[in-house]
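Below: a set of structures, written as structure tokens.
Here chain A shows up in two complexes: once beside chain B, once beside chain C.
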Partner chain A sequence: MKKSTKTLFNIIAVSIILAILIFLEMNKRKFSYDISIIERSMIYAVAAVAMNLTNGFTGLFSLGQAGFMAIGAYTVALLTIPVEARAGVFYVTGMNEFLSKIELPFIPALLLGGLFAAILAGLIGIPVLRLKSDYLAIATLGFSEIIRSIIASPQLNMITNGSYGLKKIPRFSSIFVPIALCCLCILIIVLLINSSYGRAFKAIREDETAAEAMGINLFKHKLTSFMISSFFTGVAGGLLASYMGTIDSGTFKITLTYDILLIVVLGGMGSVTGSILGSFLVTAGREWLRFFDQPLKVGNWQVPLFRTGFRMVVFSVLLMVVVLFYSKGLMGSKEFSWEGLVRFFKNLFTRKQKLNGGVSNGK
Partner chain B sequence: MSLATFLQHCLTGISLGGAYALIAIGYTMVYGILRLINFAHGDLFMIAGYLMIFTLADFPWYIAIPIVLIGTVVIGIVIERLAYKPLRSAPRMSIMISAIGVSLLLQNLATYLFTALPRGYPEIPYLKRIFQFGTLSASFVTFLTPILTMVLVFLMVMMINKTKIGMAMRAVSKDYETAEIMGIKINSVVSFTFAIGSLLAAIGSILYFTDRMSVNPFSGSLPGLKCFVAAVLGGIGSIPGAMIGGFILGIGETFLVALGFSTFSDAFTFILLIVMLLVKPTGLFGEKATEKV
Partner chain C sequence: MGNNVLRLEHCTMQFGGVVAVDNFSMEVNEHEIVALIGPNGAGKTTAFNFVTGVYEPTNGKVFFHDELMVANHPAGKMKKLYKGDPDQICEKIVRKTPDQITKLGIARTFQNIRLFKALTVFENVLIAKHMHAKSGLLKTAMHLNYREEIQMRKEAMELLEMQNLAAYRNDIASSLPYGQQRHLEIARALATNPTLLLLDEPAAGMNPQETDELAAFIKKTKEDFNLTVFLIEHHMDLVMGISDRIYVLDFGKMIAHGLPADIQNNDRVIQAYLGVEENA
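Showing the complex of A and B:
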């Protein structure tokens, strides 16, 4: 495929997406449900791509996503809730004197949230990343539980409002704000992956000893990857806070980490476009699969199994099936390309021909 | 805190620690052989709790307990065969993700089948009988747990060091491929390891839930993580280490709750982990691992 045709395709794709977004924005009321799915998918995509940076590209197994997102979310929430609304939010104990006067615009608060997440990631990473990567999984998992229990503890009622959660977080003014921010985050991660740092990360993933022999400082690169990933996870958390408008410590349970892990595994470890695709599929799939939770009747026959909770069972079975039988996920470690798409459809077509008794081309 | 309350808390802590230790052994053995953090182990413990509820509804305790033990072992082996065995040659991260998948599946399955509401754990009157020592009073299970734990740990160590299957397990954990070349049937050794781990988890579950009185689909996940920390604390791969780690966690946690920091008792575990990794990453009894190139 020629370069000019590819550019043409890209322009067409982007303008179609833009047109859809403008259309949705103009009919906000009618499509509020679809808009919320798209926004959530994009936010999860940022978290998933960030997770992919450590897990897929650097080969470190981090499971602290929920914790880092909680830090980002609480930072953004505490700094952006309008000052006059704060007394209403902290109706139980009142807010800390010093904190209650600070209010920041959304973007600086978001950056600060990411920064806090990155600093904490550094604090965990410095002791743990010198060891085998297994310990990182358990330490980050434990860390995210610590964060959750600290946020919910009554001793911090003046700051995090304990188990009452935070409300009245300013929402996005239009669909373009979260989409643009998410695209920017993903773009930065992609640029990082394609830089010399990214190549070093991939070398570490493939073989630590060989990478070290090539002169890559393992610890420094692992820490860089982990901190940058945590930064963007924190940003995703901040976006999530603004998307939801109300957060509490229960939002950031381990299940959130597992959701993002499912997205990354489904999309393919080591594929950015895979993570984005996976994020849309999982978020939308969660909504589509809702019918599993309702009792279903075909004619007069009550279909067994369909009742509350079945959806999550189906979901976890799906994760197991992907891990066991399609361990590469949708995209493997490949990225989306127009050639790939064309090849995919061609293969689909030729396979059909073969099934219909068509002449195979000798492959 | 008077001496009597101090001793009372010590007793509770040791008892909790004993249950933790039994679960931690399951982690440490599986990690020793497969280098896998078996995230589903804590959920197996929860499933054993539910099994007990349902069997004890129909049978007296002396029949119910063996059924629960055997049932848990069977589930443990089935999980290993279905979810871990096909991934033997896959990258380690895939197996770990598979373990997370099993954990998620067990939790969701339990939520679906038994609802998310906690269910009362049946009382075995024999275990709940109250004993009185001066000012100390505790149920029989509180005394039984640490003793049973120590006996089981002793048996485990004997098995690992003196029997043929124990030798095979040590060989597999030292070097997987060489062990296979030497004619050790890897699959049966791994299954046996999972069987022992599940058996201990089932015993731990009976002791733990008799004191806690209720089970819900998520009651296995946090104790599971804590027990892994206990295993790391004692030195992963070492069975006496896992026991000591379990006791440290159990006692530490009980005292934090007693002093009024119950919200931080979970955080304590993980702070302990991070401190331990910083000071002595091999754990208290762990061997120094040499990197093979």
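Showing the complex of A and C:
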């Protein structure tokens, strides 16, 4: 495919997406449900791409996502809840004197949230990154639970409002704010992956001993990757706080980490576009399957199993099927390309031909 | 004889009570090809590994270009277990990680090929250029270091062309034939701009013809890149053909060293390799 054709396709794709977004923004009321799915998907995509940076590209199996998201989310929430609303939020114990006077605009608060997550990642990374694979996963998982417990602890009622959670976090003013921010975050991670540092990360994933023999300082690079990933995980958490409007420590349970992990694995370890695709499929898929939760009658016959919770059973079965057929995730470690898309449809077509007795022409 | 490039002094390596390398001293002079041979389990790779920083010797010093690079002495419970020469205890401790040693100019290959398997041939070589890059993380991540990046790519490409690997540049490393993978591993090591090249059994798994080609290749590479080469090998043809000097290890002890012709006729070496008849 020629470069100019590809550019043309890219421009068309971007304008279609923009057109859809503008359409949705203009008909906000009618499509509020779809908008919320898109926003959630994009936020999860940022967290998934950030997780892919450590897990898929650097080969560090870290499961601390929920903890870093919690830090980002609470930072953003505490700094952006309007001062006048704070008494209402902290109705039990009241808010810490000093904190209650600080209010920041959304973007600086978001950056600060990411920064706190990154600093904390640096602090725990120094001891923890000496571990490998499963051990690292367990250590980071434990860390994430500690963060959640600390946030929920009554001793911090004056700061985090303990188990009561935080409310009245300002929402996004339009769909463009989260989408633009998410795209920017993903773009930065992609640029990093394609740079010399990204290659060093991949080398570490492939073979640590050989990477070290190539003059790559393992510890420094692992820590860099971990901190950058945590920064963007924190940012995703901050976006999530603003998206949801209310958060409490229960939002950041281990299941959140598993959700992100599911997206990364489904999309393909080591594929950014795979993570984005996976994020939309998982988030939207759960919603599409909602009709499984409603009782269904065919004629006079009440279809069994169709009741609340069945949706998740179907969803899990679908996931298993996908993983069985695409054992390396939907995209493997490849990235999206127009050629790939064309090949995919061609293969679909030729496969049908083969089934109809047509002669296969090689691969 | 030129200057010392590499010098080991009284190096001992113990794993618990087991002595893997015992009081081993050797030197590699500039522009030489020196081989380290010995039967399986003789301690060759262990000796190699403290030159490359994978292990720390229990006791001993390693000099690189006459500068102390690695030094250690028995500490902790090793003090009791130490079985080496008590007169040669080294006082200083100098530690280096493998990446620091590579930066000093020592490149290595591995006994069992360790390429970055899922990456392309070109990327494999390009990664070796990363450590010389001077731009910081932020500049690199935002692709503002394009001059440096172009330079890195140019050097990597030149290297691939010199090594006749340019045709494979977009192939995934693990898809190359075995011989080419060995070749690529050496090319990747050369990309770190070394002055000393360490080869760990470069001819392992090669047939006689490939081994001959490898011998010629090592000699040519040494000339082209003005290198000093230190290698471990089992193939006697290769070792005898290209080495200037040979050291022989057996059960961790150096049993002989000298010119290839002398080693070939050395009784102790023959005994180590072929065994001694009982009641002989």
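As a convention for this text, the second predicted complex is superposed on the first by the 348 of 363 C-alpha atoms of A that agree within 3 Å, B and C clash if a C-alpha of one lies under 4 Å from a C-alpha of the other, contacts with A are read in each partner's own complex, and residues count from 1 in each chain.
The rule we apply is simple: a residue touches a chain if its C-beta (ideal position, glycine included) is under 8 Å from a C-beta of that chain, and two chains touch if they have at least 3 such contacts.
Remember, it's a predicted structure, so these values are computed and weren't measured experimentally.
In the superposed model, A:337 lies in contact with neither chain B nor chain C.
By the touch criterion stated above, A:197 is placed in contact with chain C alone, chain B being left untouched. Once the two complexes are overlaid on the shared chain, A:224 sits against chain C while remaining clear of chain B.
Legend: residue contacts after superposition of the two complexes on their common chain; A:32 is shown touching neither chain B nor chain C.
In the overlay built on the shared chain, the residue A:209 is in contact with chain B and with chain C. Contact comparison for chain A: of chain B and chain C, B touches the greater number of residues.
In the overlay built on the shared chain, the residue A:5 is in contact with neither chain B nor chain C. When both complexes are aligned on chain A by C-alpha atoms, chain A residues 209 touch chain B in the first and chain C in the second. Only residues 52, 54, 97-100, 102-103, 107-108, 110, 114-119, 123, 126-133, 135, 137, 140-143, 145, 149, 152, 188-189, 192 of chain C touch chain A when the two sit together in their complex. Looking at the complex, you find that chain A touches chain C at residues 188, 191-192, 194-197, 199-200, 202-203, 206-207, 209-218, 224, 333. If you check the complex, the residues on chain B that touch chain A are 35, 37, 83, 86-87, 90, 92-94, 96-98, 100-102, 104-105, 107-109, 111-112, 115-116, 221-222, 225, 228-229, 232, 263-264, 266-267, 269-271, 273-274, 277-278, 281, 289, 291, 293.
Listing the residues of chain A that touch chain B in their complex gives 55, 59, 61, 124, 127-128, 130-132, 134-135, 137-139, 141-143, 145-146, 149-150, 152-155, 209, 254, 258, 261, 265, 269, 307-310, 312-313, 315-317, 319-320, 323-324, 327.
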